[in-house]
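Read from first to last, the chains carry the letters A, B, C, D and E; within each, the first residue is number 1.
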Amino acid sequence: MDKEIGKICIPGMRLSLSNKEFISGPGTYELKGYIYATLAGILKMEEDEKTKATIISVESPRTPSVLPKAGDIVTAKVTVVNSRLVQCMILCVGSSILVRPYKGVLKKEDIKSTDKDRIDPYKCFRPGDVILARVLPMTEIHWYHLSTAENELGVVIAVAEGSPQGISMVPISWSEMQCPKTLVKEPRKVARVIPENINQTMFKDSKESNKESIDVK
Amino acid sequence: MAEIYKLIHPLKYFNDYISREIRPDGRKFHECRNIKLNVNSLKTAEASAVVKCGNTTVVCGIQLELASPKAEEPDFGYLVTNLELPALCSSKYRPGPPSDHAQVTNYLVSNIIVNSKCIDLKDLCIVPDKLAWVLYCDMVCLDNDGSLVDACIIALISSLKTLRLPTVTYDAETEDINVDPDIRTPLKVYGLPVATSFSVYKLPERDILITDPSIYEEEMCGGIGSNFIVCSNQSLLCGTQKFGGSNLPPESQEEALKISRDRANVVEKVIETCLANNCEINEI
Amino acid sequence: MPLDYRRFNGPEDSVSYKRYTNKYYKGYDELYKELVDDKGRRKDGRALDEARSMCMFFARTDLISQAKGSAYIELKKTKVVCSVFDPREIPHQNEFSQLGQLYCEVKFAPFSCAQQRRPHVDAEDKSLSVALRQALEPTVCRHLFPNYQVDVFVYILEHDGACLAAAINAAGLALANASVPMYDIITSSSVAIIGKKVFVDPTEAEEHLAMMSPETEGTNHGIITMSMLSELKQVSDFVQIGSMDIECVTEAMDILEKECENIVPNIQKVLVHNVVQSFNQRKQLEAEAKEREIALNVKMEEWKKLLNAG
Amino acid sequence: MGIEEEKPKAFQLKPMKCEFNFLSKSDGSAILSQGDTVAVVSVNGPLDIKSTSQSIEKSTLEVLYCTKGGKPSVADRYKENVIRQTCEAAVLGSLYPRTGITVTIQELEDFGGLLSCCLNCTCLALLNSGVSMRCTYAAITCAIDESGDIVLEPSKQHLDTARATMTFVFDSREKNLVTSVTEGVFSEDTYKEALARCHAASDLVFNFYREIIRKYANVI
Amino acid sequence: MKVSIDDVVLPGDYCEDIVNAGEKSKVILGPGLRKEIDKVYITKSGVLRKRAPNTYWVDSYQKRYVPSRAENVIGVVVQKAGDTFRVDVGGSCTATLSYLSFEGATKKNRPEVQVGDVLYAKMLIASKDMEPELVCVDSHGKKGRLGVLNDGFVFKCSLNLVRKVLSPNCPLLNSLKNEWPFELAVGMNGRIWIKAKTMRETIAVGNAILGCEYLSDSEIKSMCTNIASLLAGHVS
């Protein structure tokens, strides 16, 4: 095939034996001791650092049609805030974009890791905020439970009330943000303080934090 | 990266493009998308056309039936146009009966055809009060990427232009009907109505007119269905429709009328050439 | 039938003009004679056991920009479009289910058949939808989207036989195009049986006759559609309509298995082409983005200089 | 046809009569007669709606149009769409996110110009309901008769013989075109002239609105 | 159109006086006004009013309640959900009321409130982005006049009438209270609760309030005496 691209796979293609040396990764499945592809895409072979085994995966040219999994970092937009929970729409999983947004819910006790009794959702999120959150195991149909109880998670983009469209607030502490134009301060659960120009650095940061969190895992 | 930006800051993303005098798909404000037209590719229909305006794809098929004319209009035939927006053409539609949006677009298209008077219903009458043609023109949208009405009108008018009616003999005494599908006469089509859609985007200092908007642009400019549609048949107007959305100052209106005139010429050329060749062509 | 308020309706008494043509009424024998000529060739020039998959098969993907994945399949005159969307919530579902669902819908265009089809969902649409879902379910990794459903919409633009087989082929292709994880490629084929003759990949006329009961009792007649997962060698769906004896069925299965395999390379070719194309496209986009970024940075530098100066 | 000479015509609209709070149970309602054409509109909201049709940015407008006969048709959906899109441009929906505003229109008498009567009546009912609005709007219908002359607010007879009819809606802030619905064939010049005439006539409607509000403001 | 104070205004009108005043000192924009870039626009129909020094608003007719902070409202408990009540106040969605926001309430000592009870409560949180939240205590934890309203009769009216009844200039309550004793709670959400000794008296108060919507001050006074004499006449 085309050498520049790599080895092309299509669903059902037998890729290799499945044993200690070769482990089935994303885009593949195991059946009767072999690894098969589930997606049309390009074969990727990576070495796992710990076990020294080769992870076989298939990379699809477009975002695979799968849903957020427990442990994934997602980007979501807050839709409803009330005294018990925060509802949001999940827009991205890691760096890949979802065509259809999925409903997420962030319970009051999952917002922060400290001071759990005194969390007030109103002081952490407002509708329209863009947040980073981690997916918790799914227990309810149609709702993904999320958590922001980590330093890197929380609000990344927020517009203060009364500010013109597109002017985002800048974090000034871990619990407060300020609009650079109107100087209005509002409380938020900030996702680790990001320096100056938030719009440009946000994506890099979110990606970095993604990587970090995956490494931690 | 850009995609994430688009998702999180939809308005700002669009604004960034517009304020730089370019549209997200690289077109200029008044640049239309390519039109691809293919006629008579479906054999089960009496006449058919497939049209692609950019990504927007519409298939039109005409089927013929016979019926007795309405009592109040004994020398008129029937022209029944319907637009189907199946769930497969966009993630926004649900399977089931036609949505309100589908009905509105359907009404718009048939309204334009009726207003343009491009088909004289009297031509469809075979024997007054006894027998008349019923033209079932069904349009199906396979891919809705904005400016749907434009594409529907092109598909409909091209298939009408290729339609050839079989000869019918009617015995007044025995009321026997006999149809000979081998001898056919073309249907008369008067003029050639062309619709052009515009979206109006409101920047703080001025309003921007966007010709032939994609579905994404329609959404950003006050929602789907708030297009300004100008329809001209030869040099006459046969419908200017606008539904809410951003307001339209008089200057922009002048501009829109001019653009739609030019576009009508282009589309006319496309259809004429296609009909002459009866094969696929790519124009402009 | 109640009047449809959501569409424009024609007069109630309208009938297709074809009813008044000379060729309208034909007997069984007359129709039967028309199917095959003296040399054993069918109307479109094929031999009895020749499928349209070889030379009259056309398939492509990515024709519907609004869908996650889409496919178009053409078997000479039979034309089928399919689009697949990302998983979405299952409406009216209250129970937690480990496996995701497939929602399949097959629809005929109003002009897809010789007679006008009314736009309502009829029994044929429904039975085809169910058959399509049953055929696709074994091949999709449904455990990856619990509690959600993937929508598969098939639209038949022109019907000239074997539309279920075409729908399954198109849906399989569209699912792979949409990057829905699948265990295997799915292919499907059908035969029409009239007496001793087996029409592989039948046309509408052949199907029509196969569905008619012949005058002599006990003659085999009917249509069989079978779909297969090629690599796993599994049959995922088997639909048989009509009456025929067991030998006839097993014989047909052998033929169908072979036919299904014949289609695989066609599908593979399309998918490989699709992957190559999208990767090339992505590369190009990336290169362009890089260029833009460099240009932007240069401009930013200029602005910064201006700002610092002013 | 062609451009007529600019003659200072005194614009005469059909006599308009309006009553607020015509329906006691709705949050806002109005009955408006323009000549013999009459429509009633009821506005309810902002209220709770099912979550699937909620929007997080703005209020969802729902318009229901009931004809005299009561049978639904494609043309009614079209009218609903025209009215909904027009109202959406006028109502400040962003102040009421995740809620719904329902507008119900009942046609009572149609002696020409029903669409503009419905549009104007909707505007009045919205004013009555106290929903925050960006601006008001006024709808004017005109017809082009056989000889190419423009007739403002045509009667039923005019409409039957008219070559074309047009309905325009203007906003009260910049007096720009919000909605335009046309039927029939006409030339570009006729279109422009009709637009200019209706534009001038819209002031009368706006004045009428102010009178009505003044009348009611004194009472409260 | 340009308008000034005490004019009849329509949405889309703008007032330059307010902008001019705003240049010198801080201005408070009340209901029906909205600032857009450089102009102050009217968003509701009615009469533009000003109160010294710099408070502006539009007097408009309205029936539907849109929650706003610190207003006293009358609501009906529709649901008990976890540790909160859901209360219908006539807005677009139900308001929440925590078990703890009653006088003397603790986690163990829960207030006795049932579904269907009528409450007089204060809006603690009201914003377009959030679910409204009620309390039945003031900032010192005292209940004051807030709490469950027992017995009595509740009826709905327009928001204007509520404001009129509560206005210090309105003679209605002053006239009525001299005639016979009754208890009254007026919610800013267009609901009024009355409790008098007899059914007749309750109805009389209700009718008096509803009747005064379109009356002038002197007419209200005469209406009150009228009702009082009617009531007295029937009783005797």
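Just so it is clear, contacts are C-beta pairs under 8 Å (C-beta built on N, C-alpha and C of every residue); 3 or more make two chains touch, one makes a residue touch a chain.
A quick map from chain label to UniProt name: A = Exosome complex component CSL4; B = Ribosomal RNA-processing protein 43; C = Exoribonuclease phosphorolytic domain-containing protein; D = Exosome complex component RRP46; E = Exosome complex component RRP40.
For clarity, every value in this text was computed on a predicted model and none was experimentally measured.
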{"item": "Farthest chain (mean CA position) relative to subunit C", "value": "E"}
{"item": "Leader among chain pairs (count of C-beta contacts)", "value": "B-C"}
{"item": "Chain centroid nearest the full-protein CA centroid", "value": "B"}
{"item": "Centre distance in Å when subunit D and subunit E are each reduced to the mean of their C-alpha atoms", "value": "33"}
{"item": "Where subunit B and subunit E are represented by their mean Cα positions, the distance between them in whole Å", "value": "54"}
{"item": "Between subunit C and subunit E, centroid-to-centroid distance (C-alpha), Å", "value": "63"}
{"item": "Length of the line joining the C-alpha centres of subunit A and subunit C, rounded to whole Å", "value": "36"}
{"item": "Two or more partner chains touched - positions in subunit C", "value": "6-8, 68, 85-86"}
{"item": "Where subunit E touches two or more other chains, by residue", "value": "129"}
{"item": "Junction residues of subunit B, two or more chains touched", "value": "1, 91, 103, 106"}
{"item": "Pairs of chains satisfying the touch condition", "value": "A-B, A-C, A-D, A-E, B-C, B-D, C-D, D-E"}
{"item": "In the complex, subunit D residues that touch subunit B", "value": "74-75, 77-78, 80-82, 84-89, 171, 174, 176-188, 191, 195"}
{"item": "Complex contact set, residues of subunit E against subunit D", "value": "1, 8-13, 32, 34, 41, 43-47, 59-64, 66, 92-93, 128-129, 159-160, 213-214"}
{"item": "In the complex, subunit A residues that touch subunit B", "value": "75, 77, 91-92, 95, 97, 99-100, 130, 157, 165-166, 199, 203"}
{"item": "Touching residues on subunit B, where the partner in the complex is subunit C", "value": "1-2, 42-45, 48, 55, 57, 59, 61-68, 70, 78, 80-82, 84, 86-91, 95, 97-98, 102-103, 106, 110, 134, 136, 138, 140, 142-145, 166, 168, 177-181, 215"}
{"item": "For the subunit B and subunit A complex, residues of the former touching the latter", "value": "1, 3-5, 7-9, 11-12, 15, 91"}
